[in-house]
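One structure follows; several queries about it will come next.
Order as written gives the chain letters A, B, C and D; numbering starts at 1 within each chain.
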Amino acid sequence: MDESDRSNIGMKRANLDLNDEVGNLVMPGDEFSIPKDSSKVILGPGLRSVIDKRSNELKTIIACKAGLLRKAKPNTFFLEMKTRSYHSFKKDDVLGIIKQKSKGEHYSIDVACRELRAQLSKNAFEGATKRYRPDLQVGDCIYGKVMDFPKDYPLELTCVQPSGKACGLGSLNGGHIFHVPVHFVRALRTASPKDNLLQKIGRIVPCETAVGANGLVWVKASNAVLTILVAQLLQTLSKANPDEYGTYLNKFNSTVRTVV
Amino acid sequence: MAYRTHLDDLWEQQIRPDGRTPHELRNITCQMGIFHPQASGSASFNIGNTKVMAAVYGPHEVRSSQKKHHNPDKMIINCEYSSATFSSNERKSSTKADRKSMEISSNLRSVMEHIIIPDIFPGSQIDVYVELLQDDGGSYSACINAATLALVDAGIPIRDYAVAITATMSHSVCMVDINAQERGQCAELTIGVLAQSNEIIVLELANLLQNFYLKDVLDEGIKGCAAIYKILEEAVRQKFNKMEQSLV
Amino acid sequence: MKPKTIANCTRSLVKGGAKNGIRLGARGIHEFRTAKISFGNSVGSCEAVLLPGTRVFAQASAAIGEPSDSRPGEGAFTISVWVSPAATGEMVGSSEKPSAIARTLERMFKENRAVDLESLCIKFGELAWILRVDVHVIEMNGCLQDTAALAVLGALLTFQRPQAEIDVNTDELVVLPLAECTPVELHLFHLPAVMSFALCDEILLAEPCQEEEDILPGKLLVGINDSKELCHLHLTHPIEQELLLEATKLAQAQCLDRLNMLKGLVEEVKTQREVPIYKRPQGPRATGTVLSLSALETSSRNRSEKKPSIKYLSPLITASDINMLEELCIL
Amino acid sequence: MSRNQEGEAPLISGGSRRQVSLFDLRVRDEFANDEAKGSAPVSRAANYVTPGTIVTKEMGFMRGHGTFVNPSDQSLVASVVGAVERVNRLVTVRGIGGVYYGEVGDVVVGRITKVMQKRWKVDINGRLDGILLLSSINLPTGELRRRSAEDELGMREVLKEGDVISAEIQSVYNDGSLALHTRSVKYGKLGPGTLVKVPSSIIKRRKNHIHNLPCGVSVILGNNGYVWISPLPNGRMPGTNLEEEDADGKNTVLEEIRITKADRMAVARLKNCIAALSKSWLPIYDTSLMYAYEASTKYECGELLRPDVMQEIGELVRQQMALEGAGS
C-alpha cells in the first residue's frame, strides 16, 4: 500500500492550528503545529506534546483521545470527552470507601478506579493528633482532597484543607454512595447556579450531597426512601440527554409527593 | 389395560415397598469418635443402608492456600464431600472434582457457617470432611447429620444442631425418609432445620413436586427432623456419660 | 467502574429501605426485574436480559455421537457455563460461580428431564444426538441463575436439528441437510424457570441486584415449571417456613408470566422463520449424503477398535460439511 | 389420611427447650474438693447441656467458654456439650473433648512448624500455632545475653521444622495465640521418644506434668493433649535438653544414649496404655498411668492394641480409681 492510499484511509490530519480547531471534534492522532507566537501554552487532558528525541526540541502537539477541543482563558487547551474512568489531578475532591485498615499510619481507600490506589493518613483529619484521631472502620465513606499523585505510588488524600479546617471534608455517615460516569459528575460540578441540577433536586427533596471528581456521588436525605429515590434519579439523569432533565425532574417531583 | 401390581395393593394399605408405614424412619445408628483421637471430632451416621462418615479437624492455624486473601478477623470453614467409588450402583472413577460433589461441599459449608458461632476463632481454620460410603437415598441429609455430630464431638461451639431428612408426597400421602427405590418414582425433598428454632436451613429438591403440596411435605420433614434430633441427642448423651469421669 | 468495597452506609440503607418497602433502584420489595429476550440468527441461540444489567447468552447445538453406556437408548445433554471476564472485571475462571450456575441448570433441565432425550436416539446403543448448550454470562448484576435459565429455555425452544435416521435396508446413517428436510424441534416435557430471592431479616427481596446479593447473606432459589411444579430449591440461610411458602407463591405467579412471555416470543420467531415444508424431488437423492456404517466400522476397527462416531457441531449442516466429515471419518 | 399418623414413628416435637436452673449448680471450688475422690459427683449429670440448651434467661450473668447470648431474647445458651459451671457471675460449659485454649503456666509439648523472623511457630494442638520467640529460649551454649544477628541466622540449627519440644506457656496474646518459653532446664528440644495425641481435656491438671515413672520411662503430659514418652536413661532427668548437658557435641550425645530393647518395650507399652485410657475417657496423670501399666502387665505389648483388651484395662483402672476414691 503506498503513501497516498494510506492518507485516504486513515484521514490523518496534521499541522492543525490549535486556535482554529476550538470547539471542533478532534480524533486521537491529530497533530497540531506549535503556535508561532512563542507564548506559553498549557495542555490539559487529551493533549500531549511530542519532543524530538534528537534535537530535544518540541516537535508537535498530538491528541491522544477523541473529544471536543476547548480553550480556557490563558492559552489553556484541553479535550472535553465522555468518560467513565477517572484521571486524578491535584486538589480534586474525591469520594472514597475505606478498603483496608492497616496497622500502619494509613487507611487504604477504594476510589472506584482500577488503576488507582489511594491512601489516607490517619492523621489527616481536622484537629487530629497522634492520640486523638477518628477511628474509621472498613466500609466507611470519606470525602477527601487529592494532595499528591506520585507516579507508581498510591494517591495521597487528605481530609483537611490547607487552612487546617475540614470545610466539609471528612467521613460521611449514613446516606448512600454510588457511581455515575465521570463526565456527568463534571457537569454537576461545573454547572452555573442557575441550572445546577443538585439545587433543583434540593428544592424538591432537601438532601445533603457530596460529589467526587472520581465519579462517586454521596446522597443523604431525611429517610431511606427519599435517599433511594434521589440516588435513582441521579443515576437515571446520568444516562439521559440534558434536554430530558426537565421531564425527569417533574416525574420525580410527583413520585416524591406520593411518598411523603 | 393397566393391571394392578403388588405395590399398588401395598399402597392401598399404606405400606411402602420396604414394609414401612409412610411416617416411619429407617433404622438409624450413629456413633461418635470413630476417628478418635486422630481427628478433633468424628462421627458416623447410618440410616437404613445409607452410610456416611464425617471428621472434623481443627480449629487450627490456617494452612490452606486461602491464607493470602484471608482476613485475620475471620475464620475459615472448609468442607469437603466425597463419595466412595462404590457408593452407588454405577461405579464412578473420580468423585472429588465433579460438579455434584463440589455443589454438596459448598452447600455443606454454608450450613456449617450458620451453625458454628461466627468468628469465634478468628484467624483459625476448621476442616470438615464428609465421606459417603453407601447411598441408598437421603445421602445429603445423612451428610448434614453426620457433620453436625462430628462438630459436637469436636467440642466446637455451635448455635444449634442442624438436622436433616428427606420427605415427599406420593399417592397424596406424605412420606418421610425416602430410600433409593422410592426415589425413582417420586420427588425427594431434603429438608434441614435448626433443631431449636425450627428454622429451615437446607432445601434440596430432586424430581418434580407440585407447589401445592410443599407445605404438607415441609411439615412432614420437620417432624422427621425432630425425630432425628432426638436420636442425635441420645448419642451425644451416651458419649457424655462415658466421658463424665474425666471431667475434673 | 463501580467501587469494589461495599460502603457501610449502603449496607444499612439496603436493610433500612427493605423495612420501608423500597430497594435500590426504587424497586418494591416483591417487584421482579423486567426480562427482555431476543433470539439470534442461527437456530437455538437466545439472549436473555434482566434489567438492570444482567445479560446471558445461550447457544444450543447438536452433534451425532455415541450414547453413554448407562443410557444406551437416549441422547446426551450437556450444559457448560462461561463467565466472561469482561462481565466481572476480573478473571472468574473455574471458580464456584460458573459451576453453581451450571449445577442449577443441570438440576432443572437435565435431572428433571425437561428435554425428551429418548427422541434423540438414532440407533440404540450406537448413535444418538448429543445436545449441548453453551451459556455465556456477558453482563453481571445479580440473578445469574434466573437469567441463565431463561436463556437456556429460549435456546432449547428455538432449536432445530436436521433429520437423521438409519436406512433399514442398508444399515447406513442418513443425515438430511436442513435445506432438504423439515427440521426437527426438540420435545420439552415441561418448561422450567427459576426465581431468586434475597433474605433480609424476615423480608423477601425478589430478584436482587448484585449489590443486594453482596450485602444480604441469604439467598433462596425457587425453580417452578409451567405446570406449577417445583423443580429446584436452594437455600443458603435459615428461613421461616411461612416466608418460604410466600416465596414459592410469588415465584409461581411470576414464573407463569415470564414463561407466557417467552412462549409468545418463540411463536413469533417460528412464524418469522418461514420453514418451507420440503417436498422431496422425484428421482434419486441429489445432495443428501449417505454414510455407510459398515464401512466405517471395518475401517475404524482396523485402527483402534472404536465404534464409529460421527460428529459435527454446526446445527446448520450443509452437504459440503457432510462431505468433509465423511473424508475425516474414513481417513 | 394415614393409619399410623402418630404412634409408630418416633416423632417428638423439636422446639422443646430444656432449661437448667443455675441455682442447682455448685461453685467451682466445690468441684475442686471432689478432685481427690476421683469419681464424678452425681449432680454433674444434672448440669448436662447440649448445644442450643438455654442455660439461663436471667440477666446479669457473664458469658464464659461454651456459651453464647441469643440475640433475640438475650438468654444465655450453651454451645457445646458438657456440664455447666459457675464462678460467681461467670457461667461456663466445661466441654468434653473440645478445643485447647491454654493458660499461662501450662506445660505443653509441640512440634515446630515454621522458622520465622526471630521466632518459631509451634503446633501445640491449639486453634492457632504457638509462638516461641528467639529471646525466650536458652541458647545452646547456656550464655545469658542479647540475641545477636548471628543467633538469628543460626535459628534452624537450634530448632528446625519437625523438631518436638516441651515448653511452658508464658503469656496469651490479644488474638488468642500463645507465647511459649523454654527458659528452664526442664524444657527444650526432645530427644528419642514417641508422641501420643489424646484429647486435651483428659489430661488432669497437676502441679507436676513431667514424671519419671518406676517402669523406666519418663513422660511429659502436655496440657494441650500431646504426651511425650521417652526411655529414661540412667540418672538423666527426663525431657532435659540433651545438648545442654554435654556442651561439647550435641550430635554425639544423641547417639550415645543406648536404647535397649527393654526400654523400647516399656515405651511402647506405656503408649498403648495411654491409648487405652484415652479410649475409655479416663483422666491421665501419673497415678492412672501406673494403674494402667500394672493392669497391662499380664498381656503382651502387642495384645494391648486389641479393643477388648483396651476396654478391660480401662475398666480395671476405673475400679482402682474408685477404690482409691473410697479409701481416702
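Heads up, the rule we're going with is that a residue touches a chain if its C-beta (ideal position, glycine included) is under 8 Å from a C-beta of that chain, and two chains touch if they have at least 3 such contacts.
Here the structure is a predicted model, which is why all the values come from computation and not from measurement.
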Tell me the fewest steps from chain A to chain B, where a step is a jump to a chain it touches. 2
Maximum distance between Cα centroids and chain A occurs for chain D
Based on mean C-alpha positions, which chain is nearest the centroid of every protein C-alpha shown? B
Selected pair, greater C-beta contact count between A-C and B-D: B-D
So what's the Cα centroid distance for chain B and chain C, whole Å? 31
Report, in whole Å, the distance between the mean C-alpha point of chain A and the mean C-alpha point of chain D. 61
Could you tell me the distance, in whole angstrom, between the mean C-alpha positions of chain A and chain C? 42
Residues of chain D whose C-beta touches two or more other chains: none
So which bits of chain B are touching at least two other chains? 197-198, 222
Touch graph of the chains shown: is it line, ring, star, complete or other? line
Determine which chains touch and list them pairwise. A-C, B-C, B-D
Help me check something: in the complex, which residues belonging to chain B touch chain D? 13-14, 21-25, 36-38, 40-41, 58-61, 72, 117, 121-124, 152-161, 172-174, 176, 193, 195-198, 222-227, 229-231, 233, 236-237, 239-248
Of all residues in chain B, those that touch chain C in their complex: 90, 99-100, 102-103, 106-107, 110, 114, 187, 189, 194, 197-212, 214-215, 218, 222
Chain B-facing residues of chain C, complex: 70, 96, 99-100, 102-103, 106-107, 111-112, 190, 220, 223-225, 228-241, 244-245, 248-249, 252
Chain D - residues contacting chain B, complex: 1-5, 8-15, 17, 31, 35, 39-40, 44-45, 48, 50-52, 66, 68, 77, 79-83, 94-99, 113, 121, 123, 126-129, 175-177, 197-199, 201-202, 204-205, 225, 278-283, 318
If we count contacts the way the header does, which residues on chain A are in touch with chain C in the complex? 84-85, 96-99, 110-114, 137-141, 172-179, 216, 218, 220, 223-225, 227-229, 231-232, 235, 255
